[in-house]
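Structures for review follow.
Here come two complexes built around chain A, the first alongside chain B, the second alongside chain C.
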Partner chain A sequence: MSVLQYAFMQKAFIVGILLAIITPCIGMTIVLKRMSMIGDALAHSSLAGVAFGLLLGINPVLGATAFCIFAALGIEGIRKKTPRYSEMAIAIVMSAGIGLAGVLSGFVKNSANFNSFLFGSIVAISDLELWMVILVSVLVLLVFLLLYKELFYVGFDERAARISGVSVKTVNFVFTLLTALTVSIASRTVGTLIVSSMLVVPVACGMQIGKSYRNTLILSIILAVLFTVAGLTVSYYGKLKPGGTIVLTGVLVFVIIVVFKSIRIKYKKHKAVQ
Partner chain B sequence: MKRVTGLVLTGLIAVCVLSACKPEAGEEKDGKLKVMASFYTMGDFAQKAGGDEVEVTTMVPAGTEPHDWEPEAQDIAALEEADVFIYNGAKMEHWVKDVLNTLENKELIVVEAAEDIELLGSHGHQGEEGVYDPHVWLDPRNAEKQMETIGEALEKAAPDKQEYFRENCSKYKTEFAQLDQEFEEQLEPLPGKDIIVAHEAFGYLCRAYGLNQIGIEGLSPDSEPDPARMEEIIEFARENKVKTIFFEELTSPKVANTIAKETGADTAVLNPLEGLTEEEIEEGKDYFSVMRENLQALVKALQ
Partner chain C sequence: MSVITMKDAEFSYEGAPVICRGNLRIEEGDFAVLVGENGAGKSTLLKLVLGELTPSVGEVRIFGTDPGKVFKNCQIGYIPQNSIALNQGFPATVEEIVLTGLYAQIGRFHFPKAVHRKKVAEMLGRMGMEEYRKCRIGELSGGQQQRVMLARALVGEPSLLILDEPTTGMDSKSIEEFYEILCSFNREARLTILMVTHGALRECQGINRIFRIEEGRVAEE
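Entry: the complex of A and B
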């Protein structure tokens, strides 16, 4: 297969598939908590972190991760104060992140440094980034499997979860850390676009056809892997930008599923009337 | 009573605003021309042509990639008070037209330094009809023309210093000629003619010295490459045994590194002189020294 004859494409597939496996695990809970835009908010905050890191002379990746965690905890904190409007928390943190990134980047003297941390592309991944993604993936998967039941509970009904003895606070905290870590590492590696949409689009597709939590989750992961592999392959042969192609593949599949589903329902109704 | 206070306040504010809008006209105390230059190379040329008689401000800050840069309110305010504004043109500074339309400074002498230069079309893979390569200054002979154009504009702004400006320009004319000669003599005998660069900024340099550039990106840097383009470049590098993949200091080296790794090539900096970092300026680098560094890098890569 000629797609895989180059090391950069091999890396793209490895990183893409790994992220496709872990993002729905996180995305599922995010969607259930009505926080679909959290990926964007955290990615923007991590830009502010990069600028901050460069200004203080600490490692920008460290700065980005720290800011991401801080922003995620901020969202979680605001969300608790306004539980019925959790998307508001995201909007506030996102504004803060963009604003801070804008102001701080004005102080960064060498934009080359800045650009090299902002720029993430799935076809240009360094060895270090590859290893970081592998590490984060393993960590996310382990914790996710360990907290599987708790996350399931918390995702649907925090209060009920608390009553039945789940330590909601701890679960939320750990989950927030995982989300921040994934977004900050992955957006640096493959770009913000892929990360923020991969958190949501596969889960949205899975929810259309899945019949249970577990079923939906597994479907989402399979679909996410499919989108990534199909998107990368199409972009390779079709001379397209890989990030956008992967995301659009996902959205296209979502639209097809929705249309197909509504046609089927209409057909069933029609049959029932007859 | 309230109304009176209101009126007085409005009046005061109006006076303040109006006086702020109307800076003191006329020459500065030290008699230097106030020159605003869009990005580093334009500023460098203006400083060289104007010598001690000009005060040059470069708008794009040190270390910033100029393609995406846009002026801030302070920059516009400075333009209102400037005598001369120098920009490269050929769509290098996309904001110039809008900014010039909003300016109230009627005295401002505007110079498009690339005006008299025959522009190369872009033959990059992102090339569209009517898109020109703005990086004219990378051919020393074009750079010389640009400085001449800048010198003429300075003469227009301060006719009494005409002789001084002309003297400066002719002094650098010999330096440009010398640089041109160095490039020609050192590059001509080398076997390699193909260079792989981050973005296709070196069209004029390549045309002048018979080189052939392959750009990872089109005319502007920092866009995501598609895998098919990367494959093309990797194949090209292998076939033509390209030993060095060039990247720029002001853009991310990620893609260059990926390609270099794939083909076993080295990476090196080839500076398109769109801007220098603050450290480089402190070290006293300028157009000539950076172009000589570029020459050395090219010689090493093409041997």
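Entry: the complex of A and C
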């Protein structure tokens, strides 16, 4: 396969597939807790971290990770203060992230480097970044598997979970850190403007066809890997931006599934009437 | 020993009193109902019992201890209000949901085993829901969904069951069947039940104690 003859494309596929495996794990709980926009808020905060990192001359991904964790904890903190309007926390942190990124970017000299974070640069991954993705992916997967049961329960009913003995505060805290890590690492590769879609779109597809929680999660991961492989391949041959192509592939598949499903339901109803 | 004790509990929201010298004592094997109009303070009282709120004056005890400590031992089964209605699209099967009721027995960082699935199947059988084990929860009717929630609350064999407006949105036949199951557990397993409702209680024959809450004051009828 000529697409894999270049080292940068091999790296892109490794990173893309690893992210495709971990993003639905995080995205599943995010969607079920009705916090789909959290990815956007964290990604924009990570952009402020990127600018901060570039200004201080440190690795921008480390800056993004630090800002992302801080933003994620901020969201949790505000959510606790305003439990009835928890989505407000996301909007506040997102506004702060955008504002800070806007102000700090004005001081960044190498604007091309900063702009590369907007839509990502999965084909320009350094070895350090590759190892960071591998490390974060293993960590996220491991913790996700350990907390699988707890995340399912908290996603379904936080109050009932607490009464059943689940340490909801700890689970939410750990999950917040995992989300921040995943978003910051994915921001570099697929871009801050797209990372939220990576979290949500495969899960949205999986939820349309999955029969159970486990089944939906597995389907979401398989679909995310397929979107990534297809998106990278199409972008390579079509000379398109990889991050955008991956997400558009996912959205297209989502539309196809929804249309197919509604036609099927209508057909079934029609048949039942006859 | 009393299962639930609330002694002279008071609670205010932003200075406005919601619970005024609330007293409640529920004994083992009671089937108690807390009734009251919307805004009378039912939800606040339940939050005090569930340890989500702490009374500014007085105390609340479950099995003689602090509510938070009881939850760790999983002695309480709980059915929240509208939990299914809020999760209609939740991608989980009936079995997966009922398994969450065995959280304490399965243990942290462990996955369910055959013995846990057997318990779930047996409990669903008692609810007349075994054939729906592999169905997605959103595909069931309101009455069936609430029986699943009841199976989840009871599969861990708790000593106390707390229900918050469990029959909201159910038709009268489903309500009757639901109450029949509750009564049988109360009678046969001496399960203590506290049910919060503002609905009619005619369908439920097993209730032995009724508490009414009005403007934050609790009185037994």
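Following the convention adopted for this analysis, the second predicted complex is superposed on the first by the 242 of 274 C-alpha atoms of A that agree within 3 Å, B and C clash if a C-alpha of one lies under 4 Å from a C-alpha of the other, contacts with A are read in each partner's own complex, and residues count from 1 in each chain.
Everything below uses one rule, namely that a residue touches a chain if its C-beta (ideal position, glycine included) is under 8 Å from a C-beta of that chain, and two chains touch if they have at least 3 such contacts.
Just so it is clear, the structure is predicted and the values come from calculations on it, not from any experiment.
Looking at the shared chain after the overlay, A:G210 reaches chain C, while chain B stays out of its contact range. Of the two partner chains placed around the shared chain by superposition, chain B is the only one that A:K241 touches, whereas chain C remains out of contact. After overlaying the two complexes on the shared chain, residue contacts for A:H270 are found with neither chain B nor chain C.
Judged by the touch definition given at the top, the superposed model places A:R84 against neither chain B nor chain C.
Shared interface residues of chain A (contacting chain B in one complex, chain C in the other): none.
Every residue of chain A that touches chain C in the complex is listed here, in rising order: 32, 146, 148-150, 152-153, 155-157, 159-166, 206-207, 210-216.
If you check the complex, the residues on chain C that touch chain A are 50, 52, 71-74, 76, 78, 80, 83, 87, 89-93, 96-97, 100-101, 103-104, 106, 108-111, 134, 136, 156. On chain B, the positions that touch chain A within their shared complex are 61-65, 222, 224-231, 234, 248-255, 257-259, 261-262, 277-278. Note for the complex: chain A touches chain B at residues 6-9, 12, 109-112, 115-116, 118-119, 121, 123-126, 191, 232, 235-243.
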